[in-house]
């Protein structure tokens, strides 16, 4: 496969960004939207072609004779050489030095991500053409800027997923962070948007610190940043994952297996490296306790939330763990941490989502919870074994499930967010209290939103059902406790999503204020909703087991409706039941206006408060950052600098001055005094010298 | 011989000290000038005595003394002239009076 | 003498001085400044191209374009010049900052005097970077320091007298130690019986400074240069000095002059006294490590834009010295990259702050807000500068910091696993933390100053950047982005300097490099 | 007696001839022509200076009068330096000497000045303490008269009486010290003393050396023997002050160097290194501490010259050729820098009588050239490159460190730290002229006299060129390395 197309996939959004960023203000606003959207459309087509080629062309570059999918480095150029290559006398490279390369790695997950990103991004571009206008169809101020940022984000996200090495990933990781910052703060005159963007950037920056240190440790021990080398470890009892020279694989394996590798606080350094890298993922994917930025990030325009904070960027953490999965698999304690963090976050976010008023916040917490599902799914993945119920668990089932869920979740969550955007655009408020009973006014939005809710709740045959079911199956395969836990969370998910649905579209009749009647939005906004709803209906049937697995080895045989065939019906029934119970409870409580919710709330006031206030995490962070770091660290340091360090420097000057004044009496102006000092000086000089030398 | 030399040196030392004391304590500039002469003369005595008792073979000390006396005379003349000048401007020869410039 | 291209780096500024001397009006003065600084850019770019050509042709000498003209012959003082990749990087940096600085001071009062001093300062800077004789180096170093006094004192703002005096005296205090150190080096520059020398390369080759003397002379020179490099606790001139200085002076001072410190530490202290560098690195590692986080923390609570930037310079320049002390090829390469990067972006910052201050007449972030609506061009530039500062990939800061961190961490692990203590490792991790704190203070400023609602309605009348301001800032942004996007070019330029031949002295004493 | 011995004294004889010419001109010329006295003196002295340059640099060294008098290229060089300084002083003095007040006694002024210069020559060339004392006294006594030259100003009287009384006291102490030396060595020849005193120091030798150093310290204004300096500098006519501060100090420094090396060289490390060590630290520090508070420019420069004397002493304590050459070079540079400063001060004083630093506020706006000259002088004194002062300071430190002991490193470090204080007060002057705004009583723009401008141009040229053009220092160092001081 020649590299033109991959280069274009990255270059077109970048070029669009530069074009709109630099020349945007010289073009008409609408024009910018057209340029941005069509550029994204081209990228979409190219990505589809690339992904299609990867999965279905049968090219030996991409698939081995045994049917295993391979990693293919389409191109890779040195961007920054840290340490030079070691060259022997014959001019052969003995050992590659550390270098950041920029390249294009095509394998199953990156191909899948290309599809996800470009699809969602294109939908969001299209949608924004309608959303970023007022009711008279006039583009908002900063329309060009908006599309420039969207292009920048698409570029960064695409760069992230196709990274050939961990440092390239880090680079684009930072870039998506920055574009997220810019987009959250798009309405920069709003102080809340400004502070939300700042919070998002800083929290993820903090997580990136861990990521960076993790990279440093990893690269020091393994001597490479490249994924192909890092993740090529042959694990006991398994086939080699990817075709890399045996020497490299052996080397990296030995590093991980090395019992001499130093322990730090009871864990091997490699575990620490992976945990620190995972910390980066926690930041981006808003895992507890680094989740606090995501709800605030909803200050950005809703399409942005759909693109960045639901579908693509926030799953980067999952993608990162998946990318390094073979390494994680060798340090299962790191995977345990992933599991625990994911499970706790999933429950937490689900509980909080039940008690939010702002519809975007509900969706945000739901996103957190769903990403946590993916994390848990990765965390429970182990090599093949027999589970507690006696079933044979496929190796890497959880991995596949996680990726699957990532895919389906991107679709239905984007759908939900875009639907929410349509509602907000129509109503002009984020709160469901201002909505209620909208089903008659906005039918398209209503139906697509319902499909999204069904998908996320995991009702057969919508996309979420399949992916969630696989995740639960994987959980059962690993640990019953986590499986039950996650099943409960799944039920909770169904509950809060339908709570939201009913509160928006039912509850009571909508009160129309003035002449403004809510109505469905123009085609640019409804079309993406319909497309995404359609995808949400069918995405569950994509045979992920064939396409995306952790070692490229297909889990199931060929065939298209394999997902249905391979369901573990025990689990599926349980999860379906739980989901339906959740929906029914929600229906009971919120379909018609009734006092039940109020009663529930007053029955458990403490629980409601904690959930409503997100368990006071923001307050805790406020306390730590403002009261401790700002007031107790920064301010004292600044004070110390001005008064102690600088004061010392100044005091040299003052003391010199004082001394100067103190000795001025020496120059008394009287001759006799002068002579006296003179003689005394001579005598003292003589006496002291005598004492010293004689 | 040592003793004899000391007989001259000790008065010379006393002269020097008197000169210093006088310089430091007297208020009248003329008195200060006289004290200075005392000091210079004690130096002269020293030279002569050292020459006479320690190095009788040469005359260096003697000659030095002669020149020193001449120089002292010049100094005195100049000093008197300047003191007169000062007297003209402050109508006084009190050394305390001429301490306007200080610190 | 005039066949050596390097001499023109001093001659052009001198000609500019002469040109300024005979200029009669503002236009002529500007013409001289612009033509001269453009010529310097052209010269440095030509030098770069030619240098790379020579290297490509296989010229492996440590320094190219070397030339030596005897000056104070009986004392072995020569006017020796020569450059390697590092010096060339610094020369390019200086040229660009002088160029943009000239545009940034387009409307200055008393332009003739201002430019005279500014050009004198840059003469010192250029002379310093091309010298390989430590006497001439020191001389040019001091030439560069003194014009600061008048530049701040006459054209500054705020408590300028205090700041100017403090800056000058503290830097001179540093150079007092430095002078002693350099003279000390001279008297130990050659084995007994051979002629002494001031020439850097010869001293390094003679390698005659005994370890005992190194232990005395290394701190002297390191502290001497370190004061200019804003090393904790000798950095306090920097906030006041920068806050009071006029725009172009802040740019040149933070952008170039502070680099003299790092460059000197590297060229003189580390290169000539590797054993002591190895033995005593821990003291200065602690100090510079503190600088890095301390400066960043202090910047978090400042309200004056220039103070914020000055403290951020303390942090970033601390990182330069920190990386130099790692005695690791990668980290040192990173240090030089950081010098380039910090020079450009801090110049950009100061240019922008100056331009904003020139309009609003305040630098207090509480008195401003929503500048993005009023001054979109300047604000966007400010955001870009901020991103460069907090290390966004694609801009220069990221490249430099990452190179430093990778190198430092490597050295830290080598130390740690080799039983040489965990100091380097611990401080590397502490230094890494600065990327978070940097983000905090940069975004704080961006949020308060540029975003949000307009704070003061009087500001609504302000006009956005003029063409010369645009030219100045755009040039700097292009440079920052160029380094950020094509780092390997610069990295290779610098790295060649660290080839085994050049690094021999260090390599002999430091167990593991790479 | 072989009169050819006198040929070794070419410079002294030349100076005598100049003296006589001036004397004769002043005495016998018609009244009208007397207005030309200043010009005549300057021209004759300039010719003499030029001749000295041409003739005397090539001399090898020679002693005469049974070794009482010696000359060498180095000594000729230092005399030439003094000549140049004196020439600049003479040029600068024209305006003052021709003012109504001074016109009746301007002849005397020139004669006295030349007489003191003659005394200084003798001090430098003396190899016998008798000749030295004669030189010392003939250098200092006429100066007292010169200090008193402003007959109508009270300060002038106070300054002269202070100068004279302390000077005589100091020479009494000095001669007392000499008498002890004589007692120890039995001779007053430097060479005899050098051989005679034992390297095991006795109390008497220490006392003698302390007294000798005190006597010389007076001329050099080393702390604590410096107390007269500020008052006298302030009170004396500015021209005399400048003469005192450069020529008199420079000659004394060199004479001290010769004396210490030639007569007491063997007890260097035992005795006087430490005395000088202490004196240097005291001098530099105390001088600086006093200088930083001064508002009167002349007084300010007095204390600055006190601390400069400390730096000069570093050249002596070095005890090597580099130190000696650096000392000569330092004096040379110091002559130009200080005379530039005094030139500006006297130009302003002659014009409007202002000598306070506060009066200089905003001087740059009204008199840019004078301020630039003053700034260059200050930078040179502070040791800022590329002005000559930087090189002289650097070289004197280089010379001192060549001595090599740890103590010297400490000494140099202290001296270097003191340069920060000195930079502070030199910058205060620059600040007043360039940065401070006028506070009402600004010095109006004026055109200074030709003579003053000429003097300033020469000084400024010296400041700019002496450092960068290396031949001055190179030739001095080569001289010292080839011929030594001895």
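By letter and in written order, the chains are A, B, C and D; residue numbering begins at 1 in each of them.
Criterion: a contact is a pair of C-beta atoms (placed from the backbone, for glycine too) under 8 Å apart; a residue touches a chain by one contact, two chains touch by 3 or more.
Because the structure is a prediction, the values reported are computed rather than measured.
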Comparison of A-C and A-B (more C-beta pairs in contact): A-C
Statement: Nearest to the mean of all protein Cα atoms is the Cα centre of chain C
- prompt: So, what's the distance in Å between the C-alpha centres of subunit B and subunit A?
  reply: 97
Message: Averaging over Cα atoms per chain, report the distance between subunit A and subunit C in Å.
response: 37
Message: On a C-alpha centroid basis, what's the spacing between subunit A and subunit D, in Å?
response: 77
Statement: Chain-centre distance (mean CA atoms) for subunit C and subunit D, in whole Å, is 42
- request: Mind pulling the residue numbers of subunit D that touch at least two other chains?
  value: 161-162, 165, 169, 173, 230-231, 293
Query: Got the subunit C residues that touch at least 2 other chains?
result: 169
- prompt: Which residues does subunit B have that touch at least 2 chains other than itself?
  reply: 23, 32, 98-103
Message: Taking the top-of-page definition of touch, could you list the pairs of chains it picks out?
response: A-B, A-C, A-D, B-D, C-D
Field: Residues of subunit A touching subunit B in the complex
entry: 664, 667-672, 675-676, 679
Touching residues (chain side subunit A, partner subunit C) in the complex: 78-84, 86, 97-98, 100, 167, 170-172, 174-175, 178, 181, 185, 188-191, 194-195, 197-198, 201-202, 205-206, 208-209, 212-213, 216-217, 219-220, 262, 630, 633-635, 637-638, 641, 645-646, 648-650, 653
Query: In their shared complex, at which residues does subunit D touch subunit C?
result: 322, 325, 379, 384-386, 390-391, 394-395, 397-398, 401-402, 404, 409, 412-413, 416-417, 419-420, 423-424, 427, 430-431, 434-435, 470, 473-474, 477-478, 481
- prompt: Can you list the residues on subunit D that touch subunit B in the complex?
  reply: 129-130, 133-134, 137, 141, 144-145, 148, 151, 154-155, 157-162, 164-165, 168-169, 171-173, 175-176, 178-180, 182-183, 186-188, 230-231, 234-235, 293, 299
Residues of subunit D that touch subunit A when the two form their complex: 161-162, 165-166, 169-170, 173, 201-203, 206-207, 209-211, 213-214, 218, 223-225, 227-228, 230-231, 270-271, 274-275, 278-279, 286, 289-290, 292-293, 421
